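Chain lettering (A, B and C) follows the sequence in which the chains are written, and residue indices restart at 1 in each chain.
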Amino acid sequence: MDDQDGGGYGRIGNLPDEDPTLTRVGLGTPMGELLRRYWHPIARSEQATPLPLEVRVLGEDLVLYRDMSGTPGLLTPRCCHRGTTLSIGKVEDQGIRCAYHGWLFAADGQCLDQPCEPDRGRNKDSYRQPWYPVVEYNGLIFAYLGPADRQPAFPRYDIFEDLGDDEEIVIIDHFAFGGPVEAPCNWFQTHENAMDPYHVFILHNAISGPQFDPKLEIWPRIDWQRHDWGVTATQDRDLPDGTTLHRVTEVRMPTMRVIPTPTLSVLGKTNNLSWALPIDDSHTHVYAMVRKPKEQPPQGLPIYGGEKRSFAPTDDEHPLYPGDYETQVGQGPITLHSEEKLSSSDRGVSMMRRQYKDQVELVANGGDPVGVTYDDANALVSVIAGNYIIGPDTDLETVPLPESLTQR
Amino acid sequence: MDDQDGGGYGRIGNLPDEDPTLTRVGLGTPMGELLRRYWHPIARSEQATPLPLEVRVLGEDLVLYRDMSGTPGLLTPRCCHRGTTLSIGKVEDQGIRCAYHGWLFAADGQCLDQPCEPDRGRNKDSYRQPWYPVVEYNGLIFAYLGPADRQPAFPRYDIFEDLGDDEEIVIIDHFAFGGPVEAPCNWFQTHENAMDPYHVFILHNAISGPQFDPKLEIWPRIDWQRHDWGVTATQDRDLPDGTTLHRVTEVRMPTMRVIPTPTLSVLGKTNNLSWALPIDDSHTHVYAMVRKPKEQPPQGLPIYGGEKRSFAPTDDEHPLYPGDYETQVGQGPITLHSEEKLSSSDRGVSMMRRQYKDQVELVANGGDPVGVTYDDANALVSVIAGNYIIGPDTDLETVPLPESLTQR
Amino acid sequence: MDDQDGGGYGRIGNLPDEDPTLTRVGLGTPMGELLRRYWHPIARSEQATPLPLEVRVLGEDLVLYRDMSGTPGLLTPRCCHRGTTLSIGKVEDQGIRCAYHGWLFAADGQCLDQPCEPDRGRNKDSYRQPWYPVVEYNGLIFAYLGPADRQPAFPRYDIFEDLGDDEEIVIIDHFAFGGPVEAPCNWFQTHENAMDPYHVFILHNAISGPQFDPKLEIWPRIDWQRHDWGVTATQDRDLPDGTTLHRVTEVRMPTMRVIPTPTLSVLGKTNNLSWALPIDDSHTHVYAMVRKPKEQPPQGLPIYGGEKRSFAPTDDEHPLYPGDYETQVGQGPITLHSEEKLSSSDRGVSMMRRQYKDQVELVANGGDPVGVTYDDANALVSVIAGNYIIGPDTDLETVPLPESLTQR
């Protein structure tokens, strides 16, 4: 094969392909339109305040604020009158007022006042600032950036229902336990990592020293399962005490990855899940939602190898103790699928790509993608990821086994 | 209307239009050619020294220096011999010498010496460094960047003539009283602001607290007048003492805006005027020329709202107490006319745009734009802007009233 | 001529030409392909360590490392498996291992291990990371980035052969004696300077004060000679003692410039030579190799003019005491040949350009450029540059005179 010739000369093609169908997130792009059919977390609730905040979501620059009545609003920044940014607007009881000529807009974009026009705007009802609907849920602000007639019901998740008095839900902005919260790379390469269990043995162990629970060093039986709603990976490890550690991770349309804590400090079904927010084509923010006892820290956090046992490596330490952040950002701003050599251990990655391409095509053909419902009664999602210990007395009905997982 | 649908999805067109006819300033662009038919201030006199200074004017990078005989010169930086920048050249009695091979150029570009050539350059007369003519006037250096056969007479202004012994003229680099002197936005959106009196009641009062004289808080009768040479706005306020404050502002081809001090510390005809220098398509510098008594500060400066009463807000204070700088820069590097919704209060803005488009077309068709004269005897300009108090005893002949203003 | 009209208006063409045939260095460009037929210095030996180093050579981003057995390797950074950068890989006894999934590559790119694949990679022999061959020579790492079947013998240089016990060879990264070691400009404009002896009298004397030995202030007879392998310049100066200082400088394919020390502290044949490394189209690094007595500093270094007598001017001092760095960087990132006016004193520059264009064409037509040999026995290069003193007793056979130089 041509790999075998004597060097790198001419090996880098002129037009390597980053797989634009899967990686572009802008308006009108294939994946961008798929993503615009779901709700996305765009900020923590406490970031929506009377001081307007500039946010970028799916490549769109927006202004987030919360008016004095407590209603959050998400508007395009360029005032529809003369174009000054609403990021310097003044928030009022109802809406935000442009600093230049005072047009006032409600959270649904409706113009409420035009103080320099006769009668404060005889036609003001006909002006509307471009806006997006938002929902607050457990400390996160979610927004829907898609077509108005396709706005889905807002989904809830079983693991965050029926909270006990001693429990709470917290939001953690992080990038896979160790790294800056915003990663300068495409969201999809961060997403694929969730269906790549093999890298744990290399990156999180052999390369950087054990970063997770020692039990995860035991080599498992690994399999992947495709579902309507996403992909799961199962890892089964025979533990010294005769039980089996059955670990299930999942990715779920559109950007959710459910990774039970790798410190194994929570057993059974997972207590957390994460969303990747595609800021734009080459920047990603990860929000994690964690259910926990009020008196305890969120969960066991991974440690770093060698002499480094820290959650937040310095710039100098990143290359010495690489983790998820370093390897995913190290694939470049948008990784090049055309330059890869996928192997048998990458089957989960391939499975994900096929599924996302199917959903992209479905949306392009006018359909509704998986997981979208317009009925609030159907909007409760049941996740299955977890660290399950299977012993002789375990009721297998309570465990999502590979066999059952593949029954579609 | 389509504004009324449910959100921002798809609202941002792919090709919003910044109105390139009005906003581009480069060589060969419509407005660029109109601007190249006038003299522009490019630096304060004290900035022209034997240490060459890099300046950018209408998108062209140039080198300004003053030779030992006191003559300022404005040359293109790339030496016509081998291309080294003259910004590291050595200024001599007559001209500037390139540091690489020593070619010496006069302020009119003429090559005076080629020390490495036989007989120090037998053909040196045939080499000329690209250059532009400059004129010094009241502490500013003006340059003409247009075609040589269309170089107009240098204009003077009546308000700076016949200076008394106790008077002086000073130059203030500022951006509309509060803000960095260089604004990262297109010059035309800064220029339009001068014909937008309504924003004063919002931006400079309701939003940021009173920034100007309290009398300006009185709601006026506002009108605009188009003239051959520009546009004026008149604001008439009935004062408590029975007199009328008749305030006139003007914009004048090509980049002049004449705004009588908004602190009302100078009554009658204005004591100052300003030029916007288009540095390039997205950067603007404003030079103000002020006539004043030697013993007094230039004029009352505006104060800032809330607890902030400063001429120079910090970076943190800019969004909290927005002023002209924030709202004009907040329109983006080049604002998008296609995304605006001009209303009745924007009539002055519309009037300006029509006039500039007319002049652009006139120049494109080979004509000379308004205000250009080739006769020094006709080069004295009489401005009309001012803060005029009209009482029962006022001689109305001394006041530029709207009726007279509209007689063309 | 049109230079004579009244100013700079319209003088800057829309498409000035930087002579892309000579200045572009990327894969597939005319000069890029010529350069890819030679070995280039890419780093000092001590920079190749077990900590991978990112380097850029001819516009290609690469990773340099040295494995635990001492072998240096130069690979493309994007791992051929999933694309993570090998700059965060772990160096082992033989090769470098990707941090993500552990593929191990030897210095010749061969994949040696795939730990996540069955049997650690049954087909691993068929995978090869793009790589380039490297050679260490006298403290520099050289690499060959061209087609495998055209890899030339590695050249040696007579002036570095047969080192005495009291001698050593040192590497100096510098930019022509004064300036940062990396210059933000195209390599070719730095290279031309070596055939431009006239600038010495201006730049290094009249402009910045005497930077070299006072004898170089004497105006010489200057001539240039074209050879198969490059171009030489000769300068003959009649010294007060009746002898002649015969100074010869040379440029040699592809990027070598041999400049005998301008401090004249070494007489006879030169003790040093330099390579310009084209980092990319607009960045250049210069490596100098110097032979010297162990007990002495490398050689006399030039001094700076005026009050400044320093090898390393500060940022503020660069424009005040310009040297080679300032004038070459001052030509812009890539100088514009189309805007030049070459004169009689630029004959050496013209000669170089013609020769490089001939060689570019030769390679484009499938030939081997000058200086390339595939036989190690022919790979010893004899340089001729030097500061030769010719007196009545001098054996002229030992001096490379212009007459002999032009015999081809």
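Going forward, a residue touches a chain if its C-beta (ideal position, glycine included) is under 8 Å from a C-beta of that chain, and two chains touch if they have at least 3 such contacts.
Treat the numbers as computed from the prediction; the structure is a model and nothing was measured.
Taken over every residue number at the interface, the positions common to subunit A and subunit B amount to under half, indicating a different-residue contact. For the copy pair subunit A and subunit C, the superposing rotation over Cα atoms measures out at 120 degrees to the nearest 5. In this assembly, the C-alpha centroid of subunit A lies 49 Å from the C-alpha centroid of subunit B.
Residue positions of subunit A in touch with at least two other chains are not found. Against subunit A, the residues of subunit C that register as touching in their complex are 27-28, 36, 60, 62, 75-76, 78, 80-85, 87-88, 90, 97-102, 109, 114-118, 126-128, 130-133, 144-149, 151.
Residues of subunit B touching subunit A in their complex: 1, 3-12, 14, 196, 198-199, 201-203, 206-208, 318-319, 322, 326-328, 330-332, 335-336, 339-346, 349.
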